[in-house]
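Below: a set of structures, written as structure tokens.
In the two assemblies presented below, chain A is common to both, partnered first by chain B and then by chain C.
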Partner chain A sequence: MDMKATKKKLGMKERYRALTRDLGWESSYQDKDAIFPYVNYEGIKVHDWDKWEDPFRLTMDAYWKYQAEKERKFYAIIDAHAQNNGHLNITDARYLSALKIFLQAISPGEYAAHKGFARAGREFPGVGTQVACQMQAIDELRHAQTQIHAMSNYNRYYDGFHAFADARDRIWYTSVARSFFDDAMSAGPFEFMIAIGFSFEYVLTNLLFVPFMSGAAYNGDMATVTFGFSAQSDEARHMTLGLECIKFMLEQDPDNLPIVQAWIDKWFWRGFRVLGLVSTMMDYMLPKRVMSWREAWEIYGVENGGALFKDLARYGIRPPKGWDDAEKAIDHMSHQFMLGLYQWSFGTSFHSWIPSDEDMDWLSAKYPDTFDKYYRPRWAHIKKLKAAGTPFKNYGLARLCQCCQLPSVFTEPDDPTLTCHRETVYKGEKYQFCSDGCKDIFDNEPEKYIQSWLPMPALFSELGGDVGAWMNWVSLRDGDDNGDYDGSTDQKHFNEWRGLATSNL
Partner chain B sequence: MTVKSMKDYVGVSRDRVENFNGKQLVYVSWDHHLLFASPFLLCLPPETPFAELVSGPLTALVQPDPDAAAVDWSAVEWLKDNAPFTPDFSRSLAANGIGHKDQIRFRTPGLNALLNAA
Partner chain C sequence: MSYELTIEPLGQTIEIEEGQTILDAALRAGIYLPHACCHGLCATCKVQVTDGEVEHGEASSFALMDFERDEGKCLACCARAESDLVIEAEIDEDPDAENLPVRDFDGTVSRIESLTPTIKGVWIKLDKPEGMRFQAGQYVNLALPGGIGSRAFSIASAPSVAGEIELNIRIVPGGEGTTYVHEKLRAGDRIRIAGPYGRFFVKKSANVPVVFMAGGSGLSSPRSMILDLLEGGFEQPITLVYGQRNRDELYYHDAFLALAETHPNFRYVPALSHEPERSGWQAFRGFVHEAAKAAFDNDFRGNKAYLCGPPLMIEACIATLMQGRLFERDIYTEKFISAADAQQVRSPLFKAI
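And then the complex of A and B:
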């Protein structure tokens, strides 16, 4: 039978209602608890799901149209980048190390976020929430795809890009990001929202993406810049969803406050550890630097984060427990981490290098209280070892933290000359940690973290300590993908090709 | 509560000692010598004499540090579980009470070339 179409067009608000809230229904055959079994066990109390407001009022049809338009622009630029030898327009091939780490550790996180939001969209009973999660799930999938596509052109010319999925699953320095997402995905839907929606998207995303995308722009990487622009409008929506979610939980019931606070404490610290990678990219890996890690922290951590927690104080939320320890680590973490990456570079699918004298002067200027005192002498000694023909390689491998899974490169909050040692015994077995923050997280849920798959112990338990077999297993091609940038194939190729493009030789 | 879950949940430790084919993990760290970015991870049979851990892997690993040649192993101060500890060099790790994933630390007061250089 023919339905008469309504002539009148719906307004934005009605349209949103029709395409979100009106899609829901009250179940009559099945009990609500059976349909949404995961929504209660975390202890979060919700009295009225309709109080969930999507400030963007975005409907699926409009969403689809915007995204398709962005996609068309993105791929047009990516094609142009490939056709115009974009791989030669970067400042220097050292820049690619930042990109390789991003592709191996962070892009797979986008995919994990996609899976997590798809699940959260199914597990939350509220229709507004379901739709918002569904859109973010699609966004994150698109982010993973567009990042991989943006960087794939470099894979035709340079080493270390070819096996990012194996690196994500198996290599050691990616496990900080991998375990972050695995932890979130194996938590309940509300904790997932605090972990990814709030902590990652709201508190930390600026520290991750802004420096990284500006780094790409400063270093001539148009492919990555284009991705950044294409994702920007999504991120604004994700940040809003994260903030909306936390306010919703806090407004629904006063009993939610201590649960939410504990999650903020946990996920701030886990996120802060992921940022260890970013600090190193910013201070050491960009041939043309944007700003120091310390400067980025001042803007995006202290100022923005400070304002956010001031705003949340009216709900009784205080800044995360690890905040002061984080502040104490800011002037140290990038140096501590880069020294580690360099001495274990036989096991990294990217190159690292000894900073030049010029680089070191920049670092002293940016870190006047710490660089010359603690870190320059170590680099100077490492340089001496290299000049003597005995380059420094630390085959001792590393103690990994049972929680964040990073090598324990961090020092005592109040003594930068001493490694931070924290341990605990649970059910008769010993566990080691990099910090109080990580130990606290373990002590709260030991049954979860005793199961961590730690890459370095696994080299011994699964491969009998055979480093060559391990390299095959993680798809790292010894002599190509790893080691010092100085003398690498990437360096040789970049200089040759750039020479051909810019001179008549 | 040892994990937030819907029903009783018991995890299985991934790195329990049975998974190391008769060996165990030991972490060793030289206090205030941060040329080495993290404590070393060693995988050794529990029957290894302490003296062998020192003269073998440990001595080799610390070589790149400018203080390495000056270390008098009979005089260093040891810690285990972050408390003072006196190892018996002639006895095994097990007999010294050094268990799987234990952290051993040692101190060499007065030796600090890379810290004093600045």
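And then the complex of A and C:
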């Protein structure tokens, strides 16, 4: 047998090292603390940055090549979607409410994540960390752009898509998602990684993506489905970055454990509150439903989250403090949200509606312990009011939680007939909360949250309480973008155009 | 119909069935390949095919680009073999792996001894005078007659005694294979073994102190490893934390006491979890992880740990080690990943433990 004389090739890991870590250098004429001023003040102790593992050995040149081909494929499908009147292939125009909420509240979050990772990549001293954050920053920018492009075709035909940037900045319900991301971005780099990289991208992302992407597929929206595929191929890298960061912190020093635990408690609860809107998409807004919120929670929350926290227990981490309260809320939250959205629908840049009898039967099958007992009677009452020509509208302004910024529409964990309300007095001022979880977060960092911009107080402080002026300010066109789906322009147009496309009338 | 799958940079060749995915074949053979979604969407399991043909299955066109298919990349979770394959995966090369080829060895049962009421020592004299080369910690498949099939057992003897292999076999209630060994197997019987298998061996090149944690019938590999280290003049501290329910089950206790006498770098920490109160047992009472925590004063930094025993013991030891500041990169377990494990919902937080 001949001897192999060829020199052994570098393994993938060695090649990666040569193209990333070997490019890092020790600073000589600048103090390290001056170069990385934000890495110490959170109290996280790091002894050896080289212990940071890069599970994805992707170099920048390869990265560009991948993303470029993803873009080519994505835009080919977006073009086809536009040319083939893809907007008429969806199951029903009610589906668009889910899209509108996503575009107004979540897509800007992708952009915020982009900014956050760009900053984290600059603030972490480790080369592996810098490269991973840099790539994720570009991914997130791409996600924001492609989501906006995927949905922009609907803007030509339907209401409520035209001013998502104004909605993002000013409208009341989007401040829920915005405050989440602002809170993360104004934290230190390690907390940012727990907030976005770990809590959002790992623990909660499936609860967001499954209903949204599967919902798009079930409801005929190929543009959004394609976005989903294109983004999911990045998500594995993102999840791994979040997990690696948490392992790194826990392994570097035992003093990091209580800090990390407190962040997990905080960001689980904040994430759970943001995702509350998704429960409503799943249970109420998708004309063709994928699964109930309860079912999604069982798979992605209980099963996957349970597996993760079982593994984290090896480090001494316990499940998030709000976990039990979250579990108790699962069978109630989508109903409480939808009732809230319906009664305040004059102020939403999307439509809501009273569920049909068929929808209500589905809901009672999926929520046998709660729907018929607590929520069907309310919908029945609201339906009666509408039939009598006196639809139920709540023109009072909601009391917002100082932390999550949602209206306090939730009930006590152990009493679904009693609204949950907590308050704290800080420096002589009273602050309101929707839950123990949100109150705890405030109490831990009151100076941060007393600075929150809350939309309801802003309506008075900035616009003197004039709802019409407020609508102009948030670019909401009264009578078009808001209100009941039943009787809306979206409903009328969709039915007309679909009729033209499928019959000879 | 099956093909051969060679996984670089390990250089290990395993069998892959027609229709079986590369990932499934690798995991079943105990080789961890990075993976996450398991249905072709996330691209975590992307590997390079350097020789042979694959069918890409349901790999998403976003997770596996056209140009990557042209370059010979595939997603291990979806790709199926259409010929013998060589793949290159992102696995760390292991300087301590000898990658010994697996062979069949015929031999004769030379001796059977009751080591405890539930464990028998079985010695197999191999026909080939040079015996079987193996790394301490590896296992063999023992072929049993009468349609029982083969069973995996770790080698309990040192590699220096290559001509006669020692296995320590605990009887599993209702287990066909172990019942046969305990009740039917006799000295003088002809027997065939295949091996050596497994990637559980001491990382000698790291040259740091080692701690072995063994319980139940998990003593075999640690014993072989310790004998090998001591024979080879390993100079770093070696600790064995070894647990059984009671004194009757604590086999090789006297031998380890004697080794500790003659080797100053070997420390022996026995632990009994269910020893009767008034027995004369003077050493530690409790579980292996508790004994280890006490012996190391909850600080395992700077060691490498090798764990062998029942799953609950392994889990408790991992948590103890991690809370004593020793982490995944320094913890090794003898891991047989069954098909059921591959299906189990586990978080991707840890890869090998």
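Simple rule for what comes next: the second predicted complex is superposed on the first by the 494 of 505 C-alpha atoms of A that agree within 3 Å, B and C clash if a C-alpha of one lies under 4 Å from a C-alpha of the other, contacts with A are read in each partner's own complex, and residues count from 1 in each chain.
In the analysis below, a residue touches a chain if its C-beta (ideal position, glycine included) is under 8 Å from a C-beta of that chain, and two chains touch if they have at least 3 such contacts.
Computed from a prediction, not measured in an experiment: that's the story for all the values here.
Superposition note: with chain A as the common reference, chain B and chain C can be accommodated side by side. Contacts of A:47 after superposition: neither chain B nor chain C is touched.
Contacts of A:381 after superposition on the shared chain: chain B is touched, whereas chain C is not. Shared-chain residue A:316: touches chain C; no touch with chain B.
For the combined arrangement built by superposing the two complexes, chain A sits at the apex of an angle of 130 degrees to chain B and chain C, based on C-alpha centres and given in steps of 10. Looking at the shared chain after the overlay, A:73 reaches chain C, while chain B stays out of its contact range.
When the two structures are aligned on the shared chain, A:431 is found in touch with chain B, with no touch to chain C. Once chain A of one complex is fitted onto chain A of the other, the partner contacts of A:411 are limited to chain B, with no touch recorded for chain C. Once both structures are fitted on chain A, no C-alpha atom of chain B lies closer than 27 Å to one of chain C.
Overlap of the chain B and chain C contact sets on chain A: empty, with no shared residue.
For chain A in complex with chain C, the touching residues are 11-13, 55, 57, 65-66, 69-70, 73, 229-230, 232-233, 235-236, 239-240, 243, 247, 251, 254, 303-304, 306-308, 310-316. On the chain C side of its complex with chain A, the touching residues are 9, 34, 36-37, 41-44, 48, 60-63, 65-67, 88, 90, 92-93, 318-319, 322-323, 325, 327, 345-350.
Contacts from chain A toward chain B in the complex involve residues 37-38, 41-42, 187-188, 191, 336, 339-340, 343-344, 372-374, 376-378, 380-382, 385, 390, 392, 394-400, 407-409, 411, 417-419, 421, 423, 427, 429-432, 445-448, 450-454, 456-457, 460-461, 464-465. Against chain A, in their complex, chain B makes its touches with residues 1-6, 9-16, 19-21, 23, 25, 27-29, 31-32, 34-43, 57, 61, 64, 66, 81-82, 99-103, 105, 114-115, 117-118.
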